[in-house]
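Shared between the two complexes below is chain A, which has chain B as its partner in the first and chain C in the second.
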Partner chain A sequence: MEGNYYVCTGCGLLCDDIEVELEKDAVSKVYTACRVGVAHMKEGSREAVSQVDGKHAEEATAIEKAAEILKNAKNPLIFGLGTSTNEAQKKAIELAKKLNATLDDTSSFCLGPVVEALLQEKFNTCTLDDVRHKGDVMVFWGADPSDSHPRHLSKFSYFPRGEQKQRGWEEERTAIAIDIRKSHTAKICGSNFFQIPPGGDTEFINALIDGVSGKLPKTSYKFPPKRLLELANILKGAKFGTIFMGLGLLYSLDDLDPIIRLVEVLNEKAKGEFHLIPMVGHYNMRGFNENLFAETGYVNCVKFENGEAKHGPEYSTVEALKAKTVDAVLVIGSDPLASLPHSIVKNLLDIPIISIDPCETLTSRKAKVHFSTAVTGVECGGSATRMDGVEVKFDPILEAKRSTDEEILTKIMEAL
Partner chain B sequence: MDFGSFLAAPEIKVKIVTYRDIFQNKAMIEDRFGEEYKNTSALIKMDPADLKQMNVKKGDTVIVKNSFGKIIARAEESGYETPHKGLAYMPNSPWSNMLVSDETGGMGVPKFKDIEATVTSAKGAKVTDLEL
Partner chain C sequence: MKMTSTMELYQLLPKTNCKECGKNSCMAFAAALMARELTPDDCPPMKNDPKYKENYETVSGMFSTTEGATETGLIVHEELCFGCGNCVVACPVNVANDPYGVGAGKAPKSTGKLILIIEDGIVKAQNVDECRRFGKNKILCTGCIVTCPVEAIEFV
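Our next item is the complex of A and B:
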C-alpha cells in the first residue's frame, strides 16, 4: 500500500489499511484495526531473547544447540509456520528436506482439507475483493467471523459499499448464518439465522440440495421444511453468492463431498455464481499450504526422504505425536502445548523442543532451546497469502531488536 | 444444619462445543499467562436449567471432567434464547483442550468441538491455573 498504511498480521484477513502512532520505539496507538489487531500490533517491542534449558544464552550458542538436537534426531518434526512469512515458510521447507524431517502445520487439524480441495480446483472460489464489489448473498456456515475475523463483515463481506454494491447491506446484501448456536455473527444475520443441532450439517446440506432442486427438504431432526425452502430460494436468487466455511462445518462432516456438491448444485440452479472460501484463521496458513503444495503436491502432513515427500495422516502432527514416531520438534510461531489436546500433546514433553516464537508460550517454557523472534508485520516485513489466496506484501513498522524466524532458520541450517 | 450438604453433589452429563471469542483472543495476545486470559478461557456456558439442577449460581466454579482430564472452570449462563440442556459451550483454549479425547480414528483431527464430560459444583474451589 502507498502512504503510511500497514498490514495487520493478526488473522487471515491481512487488513492493509492500518495506521499507527509510535512512541519510544514502540507502537502506542493503532487505528482501523480490530480489538485483536490492536493487541497484536502492540506486541512487537520486546528485546531479543535466546534461551537454552530456560536460561539466557547467546544466540550463537542457542543456534548450535538447536542444530545439535536436529542432527541427533532420527525423525524430527517441523511444525507451525501459520504465522510466518512465505519467505520463512520456504526456508522451513528447505530445512525439512535437508533433515529428512516430518513437516506439518496447524491446517492438518483445521481447514487444511478445504484449502487442499480448493487448490485441486474441486470447487468454485473467489477473492474477498470480489465479494466486496459484487457479493449479494453470503453464508457464514459453522463460522463466526465477528469473533474470529472481526473485520470480515465490515471490510469485505456485508457492510461495505462495493463497485457493484453501492447500497450495501441495507438493500443489496443478504447475510445468512447456519450454526448450532446464536453466535455474534448469527445475531447480525437476524431472521436469516438457521440453527441446526450439533452434527446436523450433512443432513442440512442434503436437504438444502433437495430444496434448491425443487424437492421437499427433510431432516431427521425435523428442521421446518418451510424455512429450508425460504433459504433455498434466497440462495437460488443469488447473483454472486459465497459460502464462508468455518471449522464448525468442517468438523461436522465425514468428508467434503456434500459441501462441494452443494456449491455445484447452486452453480447450476442459482441466478448467478456461487463460491466457497475457507475461513482460514492464521494470517499465513494458506501461504504454507500453497508453498508446500507447489513443492510437493500436498498441503500438509509430509515426511521428506532424500528430497521426496511422503504424505499421509500418519505424518500429521497429531498422529506423529500419538504414535511417538518423532524424536525432536522444531516449533515455529505456534503453541501446540496450548492448542492441541493434552491427551495427545503430553507426548511432546518426552522429546526435545526447539521453539521460535515472538511470545512466551506454554511450548516455549518447556523448550530445550527458545528464540524470541520478531513479530511479522510489526518488526519485520515480508509477504503472506490472505485467506482468499491474494498475496499481500508488508513492511515493518519498527526497527527490529530481534532476529526474524527466517533468519533463525537460516542460521540453524548453516549450523547443521 | 444444611441438610443438602449430606447429599452427593448433583452431577450432570454434558456435550461441550468449543467456540472462538474475540475478547479471549485479545487477552491471549496480551498475556497468555495473565488473569484476563484465564477468566475468559476457563469458562463453561450452560443452560440455566442445568445450573439450577447442579445448585450452581452463575459465576460459581464447577468441576468439568472426563477420562482425559479434569479442570475447574467458572460456570455462566449461555444467554441463548433457545434452551440447550445437556449442551455446554467453552471458548477454545488450553482449558478445553484438557478434556479433548485422544481418539482421532487415525486421521489426525481431534474432536475439539465434541467433548463429553460431567459437570458438578466445585464448591468454591479456584479455577485451574495454566500449567503443565
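Our next item is the complex of A and C:
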C-alpha cells in the first residue's frame, strides 16, 4: 500500500500521508484523511469559470475588468490568502506594493497576534514532530482540535508512538483540556479537563502561575484550588510540555502577556521545557504571516505607500471596512460576506469586489468579477507553511482545468 | 448498550443445576455462554420447556449478531465518525502489526492485518478476528471506544 502520498490542504495540519484512487479524472476514494480532507480533495474537478457581473465571461475579459477596477481604486484592499500557496501569497504582496494597496488576511481577527509574537521570538515554540517524538504533556487551551484539526491528536500530539515515546499514550502522555465547555477534545482528556467560565482565562493563568510557584492559587470564580494545584503539578512534572493555544484563549485575553509569562514560568519551574504552538486553522495562514513578516516586518494589517509598508489596526480588514477607507476589494480564497459581522460587511456591498476562489461563496456571488481557481493540493501544487512553521511542498493529484490563484494574480498584474 | 454480565445471564437460566449441558452448574453454563464456548441451545430445559420460552428468547437475543455489527460485536456509527483516526492509532493490534505506519500516526504501510482503517473519512472495520475482544483468550479491550471523541464505535 506504500505508494504515492499526497498532501491534504484541508486545515493547518497539512497531512502528508494521504492516498487516493482516481476515476474518470476525479478523486473517487481517499485513504487516511479525515472527513474535512475527503470533502476538500473530492471537490477539485470543476471546469474553469470566470464571471463579470454574475454572467459568464472569457477569462481575458474578466482579467481586464479586474485590472480596471483596481486601477481606478484609490485605496484597494487585498484580503484573504490563508488558503493560497506561498507562491501566490508572494505574488499578492507584490501586487499590493504595485497598487499601493491595503493588505490583510484573516489572521488580523484570528491568531495573527500569536504568530507575530512567535516570529518576534517572544516565547518558546517547537514543531509538531517534536511533540510526537518527545511530548509528554500537552495542553489544549481554548482549542478543540478534534473538531478543527481532526487528525491533530492521532497524527501528532497524543496517540502516536514517537522516537522517545514508544510505549504509547496511556503510559507516557498526558493530554489536558482547558475550555469553557466540554468539547470533543475535552472528552478524550477525561479527568484532565478543566472547565472555566467565559473570560476567566487571565485569572486562571495567574492562579496557575501561583500554583506552579508554590503559592495558593485563587480565582474570583472560586475554581477549586486543589484541582488547580493538581494541574500545576502535572505541568511542573513535564519533560516536554506544549500548550496548543486556540482562538478561545486568544479572544479571552486583553494582551498576550499572561500566557507568555506562563510559558516563561513553566520553563523555569518545570522539569523540562515548555512550548506554545498557535492552532492555526487555514492551511497557509502562518505562511502568509511569515511571508509578509519577511517582506515588511509585520504579519498583517499593512498599507503600502511607494514601496514602504505602514502598519496599524486601522489597516485591518474589519477597521478598514468599518471606516470605509477602502474603495475596492480583491478577495482571494476567503468569504468575508459570510464570516464577518453584518454591520461591517454591509459596507462591502458598496464597493466593487473581485473574488478569486475555488468555490462558489456568498462573496463570489456578490462579486463584480469572479474567477473560479484550482484547489491547491488537488489541481495544483506549490508549497505552504504548516501551523508549526514547517514548510510542506505538494504536487497536484489531477490535471487542472482551472487557473491557479498565482496565475490569475500574475495576469491581473500584467494587465495593470 | 452495556456488556452482558455472567450474573445477568445466570438470572435468566433455569437455575436447577441439572447438568444436562455438560457443565456442573447453571453458573458454569452462564460463564461458558459468556466465553462463547456454548450457545443458549445447549441448555435443553430452557430450549424445550415452554416455561422458559421468554427467557430463552431473551438470552438468544443477547447472542445473536446485531444488524450491522461484526463478529466481535463492533459497530461503527458512520454518521457520527469524522475520520480523526484516534482509534486507528490507539488500537493495540494495529500498533503491533504496523508500528511504523499507523502506530506512528501515519498512513498504514500495509493494511493486511489492520483492524481499523480510515476510508473516505470514515473508519472501516476489517480483519475483526484479530481483535482482542475475539477468540478464546479475549479481553475487554476498550482502546477504540475511549479514544473516540464522538462515540462512533461501540460493542454490542
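Methods note: the second predicted complex is superposed on the first by the 413 of 416 C-alpha atoms of A that agree within 3 Å, B and C clash if a C-alpha of one lies under 4 Å from a C-alpha of the other, contacts with A are read in each partner's own complex, and residues count from 1 in each chain.
Basically, a residue touches a chain if its C-beta (ideal position, glycine included) is under 8 Å from a C-beta of that chain, and two chains touch if they have at least 3 such contacts.
Here the structure is a predicted model, which is why all the values come from computation and not from measurement.
K.L.:
Aligned on chain A, chain B and chain C: do they clash or fit?
P.N.:
fit
K.L.:
In the combined three-chain superposition, what is the angle centred on chain A between chain B and chain C, taking C-alpha centres, to the nearest 10 degrees?
P.N.:
70
K.L.:
Quick one: classify A:N206 as touching chain B (first), chain C (second), both or neither.
P.N.:
neither
K.L.:
For A:S383, decide between first (touching chain B), second (touching chain C), both and neither.
P.N.:
A:S383: touches no partner chain.
K.L.:
Does chain B (first) or chain C (second) touch A:E19, or do both, or does neither?
P.N.:
second
K.L.:
What is the contact status of A:A39 with respect to chain B (first) and chain C (second): first, second, both, or neither?
P.N.:
both
K.L.:
Between chain B and chain C, which makes contact with more of the residues in chain A?
P.N.:
Looking at chain A, the partner in contact with more of its residues is B.
K.L.:
Pick one for A:T410: touches chain B only (first), chain C only (second), both, or neither.
P.N.:
A:T410 contacts neither chain B nor chain C.
K.L.:
Please indicate which partner A:P150 is in contact with in the superposed arrangement: first for chain B, second for chain C, both, or neither.
P.N.:
In the superposition, A:P150 contacts both chain B and chain C.
K.L.:
Just how close are chain B and chain C at their nearest CA atoms in the overlay, in Å?
P.N.:
It is 7 Å, taken between the nearest C-alpha atoms.
K.L.:
Output the chain A positions appearing in both contact lists, the one against chain B and the one against chain C.
P.N.:
In chain A, positions 34-36, 38-39, 146, 150 sit in both the chain B and chain C interfaces.
K.L.:
Using the touch definition from the top, list the residues of chain A that touch chain B in their complex.
P.N.:
10, 34-36, 38-40, 43, 108-109, 144, 146-148, 150, 180-183, 195, 198-199, 247-248, 251, 301, 313-314, 316-319, 322, 335, 337-346, 349, 359-362, 366
K.L.:
Tell me, which parts of chain B touch chain A in their complex?
P.N.:
15, 17, 19-23, 25-26, 29-30, 32-33, 68-69, 78, 80-82, 84, 87, 89, 93-94, 97-98, 100-102, 104, 106-114, 130, 132
K.L.:
Which residues of chain C touch chain A in their complex?
P.N.:
Those in contact with chain A are residues 81-86, 88-90, 95, 99, 103-111, 117-122, 146-147, 149-150.
K.L.:
Write out the stretch or stretches of chain A touching chain C in their complex.
P.N.:
My answer: residues 1-2, 5, 17-19, 29-39, 132, 146, 150-151, 153-156, 158-162, 168-169, 184-185, 187-188.
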